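Okay, so subunit A shows up in both of these, paired with subunit B first and subunit C after.
Up next, the complex of A and B:
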């Protein structure tokens, strides 16, 4: 038996949008305590680590641990029909193994969609020691990333004691964005050493744009030429983190 | 005086030409007239070198159509359409079947294309039935699987030597039709069925026929005459557009249904094929589906006439495909079809980086079929296997005359494969 309900449809919709930046199909781990998902994108460059404890939901009924695999883009199509202030209920119909999506607002809508064969792959957390950590507003981060994406398809991120610097060099243009102590978007930094790494913007732009809708504050952690971890602070002990492997340029 | 800066900007032709002649030509290829001239100067120059065959001195032609049909794009939705008929009786199917042209010389191809006399009539693509006299006969003829004896009469003697295009096969002389009669045509059950089914979407019809083993050029011909699709939405499609439409539909469906989700190849593979001054090299990398097509035109080749340097262009897509038209044009989709076809037959998934080096001995554009068929042929050659990407790249370097660094610089996927780390490395 599995049934969940949220009173604000946007909450669920934004979260599924964030997950959809990396995944077409997602296998959720569902237990009595809440819902978890940890998976890599098809090219195995990035990873999402997501967790929503039971208490985020307005109603949470789960009788046993199970895996639920869904086509994320199809689910998103249905969720996009829901408006703010409408409630959404997801429940698993055990006989047919189909997921029922009920949207309650001005009128009642019930959709159903098939569940897929779960992928039995345990994805571990990357073993990385991060030497620099910065906290910024998601809005500030989103703007900065959109700025650098104007000139290139990859960005060099540097964190030192005082600031985050993003640098991009394209064929014709270049960009340098600085977020430092005193800026409204900049909330704090902790560094063991100055760290620099390069990342593909096609991933960063998508991830940050979608995740920014779910959160106000982001934490960015890097080490020189190692993956980046982006954590988007969620309400009520929820978790949404992304890992992205670096680009190691020879030049 | 114009004082709105946006309006002034639109009139400022400089902003289009700053690309430099080389890049403009590569982007346009005689199709869009980006240079602002009335006719493409490059094609015009080529025409002047072609020896014009004996002008056709008759208002009447009788012969076996391969079968062939042509639908123009100028004036859409009111376009010129019509049959292609050579003054030859017998099995002429070779004249209109690019699948069988590989290995032929430019002269041979030009020769049997100039033999095809093209009749023209004007038709509204959405209402071909309004042109009862010709459109109906043309459709019946085009559905045929064998050559159809056809008689055409023209208002004046057919004129014009030769039409070159980057997407289309070369075309011969043409004239406005006054009469057209076609003999018995035979068609296959599968084509007849798709034509008769007004509830079958064009995309599904096309895929069905392909999986039934029909050659791509035949599917394209029938498709261009508006024989497929939901009954009320059927329409004729200009030949040039229909070639790319078929390549695009078929490859997309093959990728979705038969490539994605399959096991990845284990090694790096390199395939190669040379034809008419073109060197095709395909690199398959062990990864999820992704695809890139890059062309390099030597100075002195068609679309890089005045340049001193090699002109390179390409486009790519990731696992999720693309939503915009490939900047490099129809050849992108022809090659994608050849690659998707190969992977689906192998039952495997891979990243595909297909490259084409065009040397000055390749003198004129022959159509996108040369890419599709050459890549298909390359996949039939013996492959070379490599354990690492670096080994594969150093082999490719020995096959090309253009420096490998230039290929890497032009390629998004090579850069990604070389420089982008995978997250699994850190587990």
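Up next, the complex of A and C:
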């Protein structure tokens, strides 16, 4: 048996939106303790690592460990119909193996959708030793990434002892964005060594924009020419992290 | 008296050829152009341009078109300062067109900021005496140059639409066109080098190639 309920539909909608930046279909690991998901996008460039303990939900009923694979894009379409202050309940209809989505608010809506064959693959977390780590407001990060994306489609991120620097060079324009000690958006930095890596903005913009709706504080970890880890602090011990592989110079 | 008009199309484009066209008319027939509604090709719809293309060719004494491939353009552009060299090349090609048409007076749309210098460059490449009128915006001012601009534009559009049929949507070919940028980006990411219908010396093409020189890695 599996049934969850949130009184604020936005919570679920924002979480599914964040996952949907990388995945069209997602296999959730559901246990008595909560819901987890770890998956890579089809091109294996980025990974989402997500965890919501049962206490985030207003109601959480799970009788046994199971895998639940859903078409995220379809689910999102339904959730987008829900308004703030409306409650959403998801429950698994065991006989038919369909997911029932109930939105309660001004009126009652019940949708159902098929569950898919779960993907059994266990995805390990990338083994990276991060040499630089910075904490910033998610909003500040979102603004900075939107700034650089005006001039190019990739960005060079550097973290040293006192700041994060983002550089982009486009056809006509260039941009340098600094977030440093003393800035409102800047919360702290820890560096073993100055680290620099390049990343595709098409991924970063999508991820950060969606994650910003779920989180106020972000932690960015990098090492030179290694994947970046972005962790978006969730309420009540939830977890939402993304890994993104770097772009590296050819030759 | 035999009057010629010469103009080009596709100069700034990153994709496809540069087309230079000339038309030759008897002076007394020039007024027909106005009656037909010949105007600068940029002010006409593509279907209207095509219609006028045939009408102009019918009443002209002669017309001549030279098509410069991206390869030929790259060669001169890479040889020196881009605009300077391209202007020289364009003047030489216009001279060739005028040589074929053999007019007594030739009106040309000046590609150079210095219209008179452009005129000199044309004149020194023509083996006979001809009066050259080289002016900016000649394609708007003189119907005979408008007529040449229509021929050039229709020929250039033909070349681009042939590329479209073969390779898919590549937009207008101009760097300001997002479709063109997307097309070039996709191509360079897939094949690593440009095909021969792209002007590799163009800044946009170079930049996209540079960008493709950083490679997206994977997590596993």
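Quick note on the criterion: the second predicted complex is superposed on the first by the 249 of 251 C-alpha atoms of A that agree within 3 Å, B and C clash if a C-alpha of one lies under 4 Å from a C-alpha of the other, contacts with A are read in each partner's own complex, and residues count from 1 in each chain.
One rule holds for everything that comes next: contacts are C-beta pairs under 8 Å (C-beta built on N, C-alpha and C of every residue); 3 or more make two chains touch, one makes a residue touch a chain.
Nothing here was measured: the structure is a model prediction, and the numbers come from that model.
Considered on the superposed subunit A, subunit B and subunit C are sterically incompatible, since they clash. Using the contact criterion defined above for the overlaid structures, shared-chain residue A:237 touches neither subunit B nor subunit C, since it reaches no partner.
In the superposition on chain A, A:248 makes contact with both subunit B and subunit C.
Of the two partner chains placed around the shared chain by superposition, subunit B is the only one that A:127 touches, whereas subunit C remains out of contact. Of the two partner chains, neither subunit B nor subunit C is touched by A:85.
In the superposed pair of complexes, A:42 makes contact with subunit B only, with no contact to subunit C. Clashing C-alpha atoms with subunit B appear in just one stretch of subunit C from the list 109-117, 127-135 or 145-153: 145-153.
Counting contacts as defined above, subunit A residues 40, 43-47, 126, 153, 198, 200, 227, 243, 245-250 meet subunit B in one complex and subunit C in the other. Partner subunit C is touched in their complex by these residues of subunit A: 40, 43-47, 126, 152-154, 170-171, 198, 200, 227, 243, 245-251. Residues of subunit B touching subunit A in their complex: 287-288, 290, 318-320, 412, 416, 418-427. Across the complex, subunit B is touched by residues 24, 40, 42-47, 124, 126-128, 153, 198, 200, 202, 226-227, 243-250 of subunit A. Only residues 203-204, 207, 211, 213-220 of subunit C touch subunit A when the two sit together in their complex.
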